[in-house]
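We just call them A, B and C in the order they show up, numbering each chain from 1.
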Amino acid sequence: MAETGNAQPAYRHPRSLLEHSLQPFVALPLLALLVTLPWITHALDADFYTSVASRMLILALAATSLNFILGFGGMVSFGHAAFVGVGGYTVGILMMNGLVSGWIAWPAAFVVAGLFALMIGLVSLRTRGVYFIMITLAFAQMLFYLMVSLQQYGGEDGLPLASRSRLGLGLDLARDTQFYYVVLVICTLLFIAFTRVLNSRFGHVLQAIRENETRMMALGFRVYHYKLLAFTLAGAVAGLAGALLANQSSFVSPALLNWTESGVMLVMVILGGVGHVYGGFAGAVAYLLIEEISSGRTMYWHFWLGAILLAVVLLAPNGLLSLLRRKERP
Amino acid sequence: MDAVLLLEQLLNSLQFGLMLFLLAAGLTLVFGIMNLINLAHGSLYMVGAYLVATLANASGSFWLGLAGGIAATIVVGIVLEMTLIRRLYQRDHLTQVLATFALLLMANDGVRMIWGSQPINTPAPGGLAGPVELLPGLSYPAYRLFIIAAGLLVAVMLYLLITRTRIGMQVRAGASNREMARAMGANVRWLFTGLFAFGAALCALAGGLLGPLLAVQVGMGESILILAFVVIVIGGIGSVRGALVGALLVGLVDTGGRTVVPWLFGALMGPAAASTVGPSVASILIYVLMAAVLFFKPQGLFPAHG
Amino acid sequence: MSGDRPLLETVDLVKRFGGLRALDGASLSVQQGEIHALIGPNGAGKTTLVHQLSGALPPTSGSVRLAGQDITGLSMHGRVRLGLVRSYQITSIFSRLSVLENLALAIQSRNGSNLRFWRPARHDRARYDAAARVAARIGLADRVDRLAGTLSHGEKRQLEVGLALALQPRLLLLDEPMAGTGREESERLLALLQSLRGKVTMLLVEHDMDAVFRLADRITVLVYGRVIATGAPEQIHANPEVRRAYLGDELESPA
């Protein structure tokens, strides 16, 4: 480990843990692929896959919001799916009451989910470690039971959406291709914002809290407040993902809020790469692939998902992407 | 709501609370001493219930089924601990959560593969099938009384075990300090295996006893697992006493919530409120309780000092 | 005279843990600009006292005052804002970040305005320059880009002090800065602390008697949660009660 001091200016940060790049060599081809996807599926006479891709992007957005607080903030939240569900139900309930405009419903989903995240975070973030995991799980389950018991919103059977949200501007979201592009624009913008936030002062503080929370407190940072803000933002973005998901399937059900769904989200992040910028995206893709391939072969595909997850957790604890990354210096 | 109905609900909540205690005790011991968060705990309960029910139906005797099912689940627990669980002790909580979640997924489908998706029904043991008249006007199923008795017996045994025996001392020492436990002569490896197996036994007992009352089906572990988590959060991780208090409290609020709250709403605000808002409030009451406890005591009611 | 008012003082600090009285009416005061050492045999309550001062634990009774202001109920965060900063006996740094980034974080705390979400943090040239200056001050100028986890133990202790220094404290609370350092490393740390004499007020908890007697302007001795003596090093050295508390051995100059 011999390393002589270099003559570089001190602030060059060759390989800082706190800095995250979109990696243009990956981002641009990927974006190009995603932009041209509807043409490709149409050419292959497999238009159905455009809506699969929409779903994948939405799940990637949700998983990335979880990765934000988990991988970069160090908060193991086992109730994140609840915020997705809250967002979905916001759209569904508004639609039930005649409000179809996406310009109102989608920001509303963002805000409502954010509020729930704020309330749950206020209580949960007072706890640490194992307590925090279990409390987020319990609160999410509470929301599940709440939605099951509210018969006027469908209860256990769920709430169908009469149509997809309306955005005006000559767009008809019922057309899968148009819906896909709207989703793509939203996800791309949020993903860029996500990277900017990570690299900002706030993002550095958040990641430093993950590295050594006690020291951050001793340095005078109001750690609780930073975590709460991050938790709330992540919940709000998850809510937006939920709004899009509700549109995609034209349906919301309490099952979306069940703690096992939160578990699935954690699985996605761990599969993709905890703390890696593309972790949420890679994880969503990996999960959907596994689901697609195994549920086609057997009705017991959860068994194989569990087996794969177990293998990943024991052998590549930082996710599949970490295997590609260079080994960190000790 | 008359006194008889109230008493009946009280007994129901006691019965439910004690069974919840069986699960919570195992969970809190494993948490507190091995520092392991185990999401597959509910799966042990489910597997235990399946094994007991199957053996009881096959042999025609509930008691044989119970004993055999518990023994079989202990074996499952030991095998699990020695192959997988012990790799997790030194790992971080996220890893433990995901690994045991993976086990949960595998267990659910594994059970489905072996037993199919149809729930299994077992009858209560013959001698206890009927009601018992506790007070004039109050009959209560004998089998539920038996469950209450069994639960209380286990609680007493656990108390004696932990406070009066050498193993109990080692367990309590382990809860605070692994090195100290080792210095006291405890073989930590075997202690951990034993504890995990003991937790599995308690799960199987609860699952086996509840089999005749509930349906033995896939996913039965999930709902009770959450409640067990709430119990140990309220009671304090690592504290068996906390698990008991927490379980009884949760049992009270849960059972009480389902019956008393809608009745209260109905009495105060009319039958419409009772049927709409009532059930919603009842379902979230436990979590409100948990939030309230945590607000004043973030480490639970009886935190074991680590 | 206002110049005589101590920068830091504790008045009858008591801390009970169940039946145990870790602190039993501890009163000490630290003057502006001095290096004040707190010594005492094991179990005397020094660590508990440090926790009371830093805000990690609330006292059972008694008060803590900083420049005359009662800070007994103030949070750790609040005390740092007022300039009361602590370093740790067990090194607590950001191992996976470079030395420069470690110090830059401390400066980020001092500067505030961390609710910035768009502008990349690495563009804060001024902040990293200031961090580099602190690095030079603590003798780690040629280690700025090393990961903190790869430093030697002594260098980590230097960084530990540096993190506290970067916050520009009025009072530096040093919890056994020499802990675990060898001869050469402790000399370097000693030189660092000497260089701060008069510029930063310090309260130093230490077991290393050699360092204590070379550094301290005044010494307070804590035994069983009470202060038994306060004064100049020679006075403390000669004090029979203090010698008795230490059984005579540790106060001899090391061979």
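Brief remarks follow.
The working rule: a contact is a pair of C-beta atoms (placed from the backbone, for glycine too) under 8 Å apart; a residue touches a chain by one contact, two chains touch by 3 or more.
Source: prediction; values computed, not measured.
If touching chains are joined by edges, the resulting network of the protein chains shown is an open path.
Central chain (C-alpha centroid nearest the global protein C-alpha centroid): A. Among the other chains, the CA centroid farthest from that of chain C is the one of B. Each chain gets one centre point, the mean of its Cα atoms, and the points for chain A and chain C are 42 Å apart. Annotation: 48 Å between the Cα-based centres of chain B and chain C.
Centre to centre, using the average C-alpha position, chain A and chain B are separated by 33 Å. Residues 1, 3, 5-6, 8, 10-11, 13-14, 16-19, 196-197, 199-205, 208, 211-212, 214-222, 226, 229, 328-330 of chain A are the ones that touch chain C when the two sit in their complex.
Residue ranges on chain C touching chain A, taken from their complex, read 54, 76-77, 80-81, 85-86, 88, 92-98, 100-101, 105-106, 108-110, 113-122, 124-125, 128-129, 131-132, 135, 142-147, 149-150, 163, 167. Touching chain A in their complex are the following residues of chain B: 31, 35, 37, 39, 84, 87, 91, 93-95, 97-99, 101-106, 108-110, 112-113, 222, 226, 229-230, 232-233, 237, 276, 279-280, 282-284, 286-287, 290-291, 294-295, 298-299. Within the complex, the chain A residues that touch chain B are 70, 76, 78, 123, 126-127, 129-131, 133-135, 137-139, 141-142, 145-146, 148-152, 259-260, 263, 266-267, 270, 274, 300-303, 305-307, 309-310, 313-314, 317.
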